[in-house]
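What follows is a pair of complexes built around chain A, which joins chain B in one and chain C in the other.
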Partner chain A sequence: MIRQRKDRVSAFVLAAPLLLFLSVLVVWPIYLGIKTALSRDLLSEFEITPAGLDNFRTVIAAPDFWSALRFTIIFAVVVTIVEGLLGFGLALIFDRKFPGKRTLFSMVLIPIMIAPSLMAVMYRLILNENIGVIPGVLQKFGWEFSIFDQRYVFFTLVTLDAIQYTSFAFLLVYAALQNIPQEIYESAAIDGARYRQVIWRITLPILKPALAIIAMLRLIDSFRTFDTIYILTGGGPGISTQTIGIYIYKTAFITGDFGLASAASVTLVLLLAPLMPKIIKQFRLDIK
Partner chain B sequence: MRLRKLLTVAIAAGALVAGFAVAPAQAATEVKMILWPGPEGEAMQKVVDAYNAGQGKKDGVVVKQVLLSRDNTFAKEAALMKAKSSEYDIYFTASYLVGQHAPYLSEIKGVNDMLYLKASIDGLKVNKKQMALPLDTSLHFMYYRTDLVSSLSSAANTAKYKQISKTVLGKELSPNTDPETWSWDDALATAAFFTQKYNPDSPTKYGYALPAKNLLYNTMIWNDVLWGLGGNWYKNGAPNLNTASGKAAIDVYRTIYTKELTSPDSSQWEYAETNAALTSGNAMMALQWNAAYSELSKTGSTSGKVGIAAPPGKGQRTHVHALAVGLNKFSKKQAAAQKWMKYLATVPAMKNYAAAGGVPSMPEILNTMVSTNASFANIITYAGKYGYSESAGAREFDIYAKLAEVLSPAWVGQKTADEVASVADAALKSLRK
Partner chain C sequence: MKRNLWASGLAALFAFFFMLPLIGAVYTSFRTDNAIASGPFVWEFDSKFTHYKNAMGAAGYDFASFFQNSILISIGTVILTTLISLPAAYSIVRLGFGGAWLLRIALSLRILPAVFFIIPFYKLFTNLSIVDSVRGLILANTFVNITLALLIFSSTIKDLPYEIEEAAHVDGAGVFRTLTSIVFPLMGPGLAAVGVLTFIFSWSDYLFAVVLSSSNATPVTVGAANFVTSYGVRWGDISAAVTLSVLPPLIFATLAQKYLVKGLSSGAIKG
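Moving on to the complex of A and B:
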């Protein structure tokens, strides 16, 4: 009895730093966020007054919020698929021996090491039709293109995201490929399996858990996309490329409505929270 | 033992006295000021250095300038203001923002209004109180290639001009070689003439460089078109964009983009890209900020060949705003910050600012320093003659951003003027509350 009590006390003492850390960095900001969401908190007004659920009603009735959410989901799904496929393809190429593999491997990983905002600024410079290096070189060969033409801007954003994050998918798939025992491939070869059959029947099923993890991580990460799109398009033309992150940022820091921005954030969490157990179950993440 | 103790106490006391003797009578108070990087921040650093080396020593004040990012200075300030932070003593603000910032700023007393351009100093008053001190005056010029406009007068070009204007605008127009008197039809016809799609002999690929990104500063430029066509945001307190003049102003931008008088990329252009289009020789004209003059007059294809005119339109109007600095209400160094602000409001300080690349809002300086920047003369003329401000109060910044969001799809042809004008009016109505 005494021993059990002592164990409980020491467990609490040992967990105390983590609990304190969580309280300060997670619980307190969440509390403040909810409190702000329930307030009329405008930059142009000094006093903060209670607003009940007004901000939530405004968010739910705002077409811009739903449009931003829709764009974010479409963008996240598309880039996840594109980057997953490209990463898988690249990993298959790098799973073989070829000259210059080490150098190329390092080069493929470079984009992921650069901050997204820096990449966006770089894109603005190198892709600029008037002073950019890439359009300049292509024009020499008689190929002119307008990469930021409003008709193609979605594809431009997907391409630029893929340039930066394909290497992430590639790295994880490549690591998983290295763990597949060589004997399996040898058996398949003896049985006369073709390359496509090996990929389809052996590699892909074995890589399924790794691909699921990649998909989940990229989905979550691309759902939070902000920097690149904000710098390149500002969410426009209109709100056609506005992500939910840009919507919340603009509401808080341009409109100066912190209450509404917090309500949008809380609403987003409430919309996504029910999906988490399903995602965990779907991807069979063993959380104990 | 006792002797040792005595000796220790004596040495300690001696050190203490010596310490007091060498310490200054009073340490200078550090005042922290936010500005944004670019010409304003660079010019201000020269003024700060001069103050710290001279008057600051007499005042017992050291000023430290902190440059935040050009794009998000106001966002960071918003967070600081809402947190009632005392970290910075002086905030960067502007006439289109001062209504939003006013609750967090202290009134600045003793400013001599007569030293400043009226539009600049008045634009920083909230409820008749001076809430910020003007720095740069910003307005727009129609920049054009002087060599190309003068070539329009030849007989061959006149005939071609008429034919192109008929094709693009549906009207046969004659060339107008005086951009100062351009209507928007003149500007569009000239832009079409210098677009290779319509005139393969044009030295520029596009006639116009259109900053059409969803960005509030681009709305400020578009407003010149609106006002030039007789429009306004509000009329007698009611939204006024869903009108003939409002739709005509939207259609000017829409025509430029959809008729390809500008690059398709311009749907994502802002200040820097517009300048690049002009200096690279790809575009012939643009409505652009006065701050661009230094770059355009000295760089690339526009070097020595850039002309300045008032924005086109019947009632040629230009947006005018003042960038400014305001005193943080929660600063714990109000007295020291006031001393610096007092210095900043003097003619010598602003002369130093102008010499370093700033565009101060003091007519006396703009008049006497034209040799430093030839556009200074135009700033006084245009601000006085064509200057215009919406003065929409605390939500002005917000309105600019909302209009950029609502109108930009029409600017680039995704929607029609009819589709967006009513939405814009609804937004104006809700933001006027």
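Moving on to the complex of A and C:
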């Protein structure tokens, strides 16, 4: 019994740094965020005064907020589908034996190791109208290309996102594929199943739970997209590629309205809140 | 083997597109200014490596200090994240502290949009006078990486054979002794996974860095992005700076690739 009591004390001592960290960098900031959302808090004014729900009324009436939210959702859904399909296809390729597999595996993982913002700077370089390689190639085919062109900007951003993040989807699908016991494939082969049948009837059903988690992760992450689009287009042309992250950042640090930006953050969290328990459940966190 | 050459070809095609931006940057960084100005396909090797010399300080940019900040921030974050989450994971998994709810809270952090925290962090860090400091950015990045670290450490500890710890217990070793001399030495793969992923993700942070640094603590991500807006025509220098910025996590992660793959798939999560 004494031993157990001592263990409980040590359990607390070992977890104490985490609890302290979470209180200072999570609980307190959440309080600060809500408080700011309920205040008139402008960079241009020294005094911060209570404002009730004024900021929330302004956010809900702001077309920019909703268009940013809409763009974020559409972008997140599209890139999740594109990257999921490409990642799945790539994982099927790597599930076989082929010459140069090890080297190509390392190369395919490279985007994971590159910061999105640095990737964005490199995109600007290769897409630059005067010196970029891509417009250079397209010009040979008689195409004029500009990343700011309203017609192509969405397509361009999706492509660039896919270059950065397909590797993540690939890696997770590939890891899940390795967990499928080889015998299942062997018995399918004995039964004379075709490759396409094996994929549809065996691989996909087994992978379904893993694919659901992977898709959810990509969806959550693409919902936070900020760096790449901010550096590439700044949310433009106009506000057509403004994500919710860019909207909040600009409202706070460029317009200088902390209250309004915080109200937008809180509203965003409230809109996402109903989904959270479902997502957490999907992870099947067991400690046993 | 021969009939799988199409698989090599397809994989190579993916690899080419994934590496195209990097190839473009390296290519431009080794060309002379003259060649760059003449068009994308004019090749003239810059045998003096002017752009690299400029990036490293010859042209008066602060790039070397951005680089140093990134290294300090990333290493500091790896250390702090490990110190906080390893004992906590042990406490949760082996001593039953807090049960699964602590992990669940950590996981909800993963789902909350990081942008929610930029304003509170800005205010909090201003109050604590740690805005624009390496210490501040270490704290912010630890916040970003703590969930992944907790998940990886918990699953590594779960996979350790409990009998060894029990034996230590019977021999009279206390909890701390067991953790430091029995568990810790067996945590190699988990530590490597957390180390490499935390390093990559803190090196990659842009959002918190752009809000919480202005000059003293600016890392390469913000530095490189500002570089484009302030020196938009000096593409040679920019490419050299970006190439150098990409290298540390790239080298580290390629060497530790096994752990990167394991960590990402076991945590099934990205910071």
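Things to note:
Just so we're on the same page, the second predicted complex is superposed on the first by the 248 of 288 C-alpha atoms of A that agree within 3 Å, B and C clash if a C-alpha of one lies under 4 Å from a C-alpha of the other, contacts with A are read in each partner's own complex, and residues count from 1 in each chain.
Criterion: contacts are C-beta pairs under 8 Å (C-beta built on N, C-alpha and C of every residue); 3 or more make two chains touch, one makes a residue touch a chain.
Everything numeric in this text was worked out from a predicted model, so none of it was measured.
When both complexes are overlaid on chain A, the residue A:Leu157 reaches neither chain B nor chain C.
When the two structures are aligned on the shared chain, A:Phe258 is found in touch with chain B and with chain C. In the superposition on chain A, contact is made by A:Val108 with chain C only, not with chain B.
Look at A:Leu211: by the touch rule set out above, it reaches neither chain B nor chain C.
Of the two partner chains placed around the shared chain by superposition, neither chain B nor chain C is touched by A:Ala91. Contacts of A:Lys250 after superposition on the shared chain: chain B is touched, whereas chain C is not.
Of the two partner chains, both chain B and chain C are touched by A:Ile131.
Contacts of A:Glu45 after superposition on the shared chain: chain B is touched, whereas chain C is not. For chain A, the partner that touches more of its residues is C, with chain B and chain C as the two candidates.
Once the two complexes are overlaid on the shared chain, A:Ile229 sits clear of chain B and of chain C alike. Overlap of the chain B and chain C interfaces on chain A comprises residues 124, 128, 131, 231, 249, 252-253, 258. By the touch criterion stated above, chain C contacts chain A in their complex at residues 1, 4-5, 7-8, 10-12, 14-15, 17-22, 24-25, 27-28, 36-37, 39-41, 83-85, 87-88, 90-93, 95-100, 102-105, 107-124, 139-140, 142-143, 146, 150, 154, 158, 174-176, 179, 200, 203-207, 210-211, 220-222, 224-225, 227-228, 235, 238-239, 242, 245-246, 249-250, 253-254, 257, 260-261, 264-265, 268-270.
For chain B in complex with chain A, the touching residues are 71-72, 74-75, 78-79, 81-82, 99-104, 212-216, 263-265, 267-268, 272-273, 276-277, 279-280, 282-283, 394-395, 397-398, 401-402, 404-406, 408-409, 411-415. Contact residues of chain A toward chain C in the complex are 6-8, 10-12, 14-15, 17-18, 21-22, 24-26, 28-30, 32-33, 36, 86, 90, 93-94, 96-101, 104, 106-126, 128, 131-133, 135-136, 163, 166-168, 171-172, 175-176, 213-214, 217, 220-221, 223-224, 226-227, 231, 244-245, 248-249, 252-253, 258, 261-262, 265-266, 268-269, 272, 276, 279-280, 283, 285-288.
Of all residues in chain A, those touching chain B in their complex are 41, 43-46, 124, 128-131, 146-151, 153, 231-240, 249-250, 252-256, 258.
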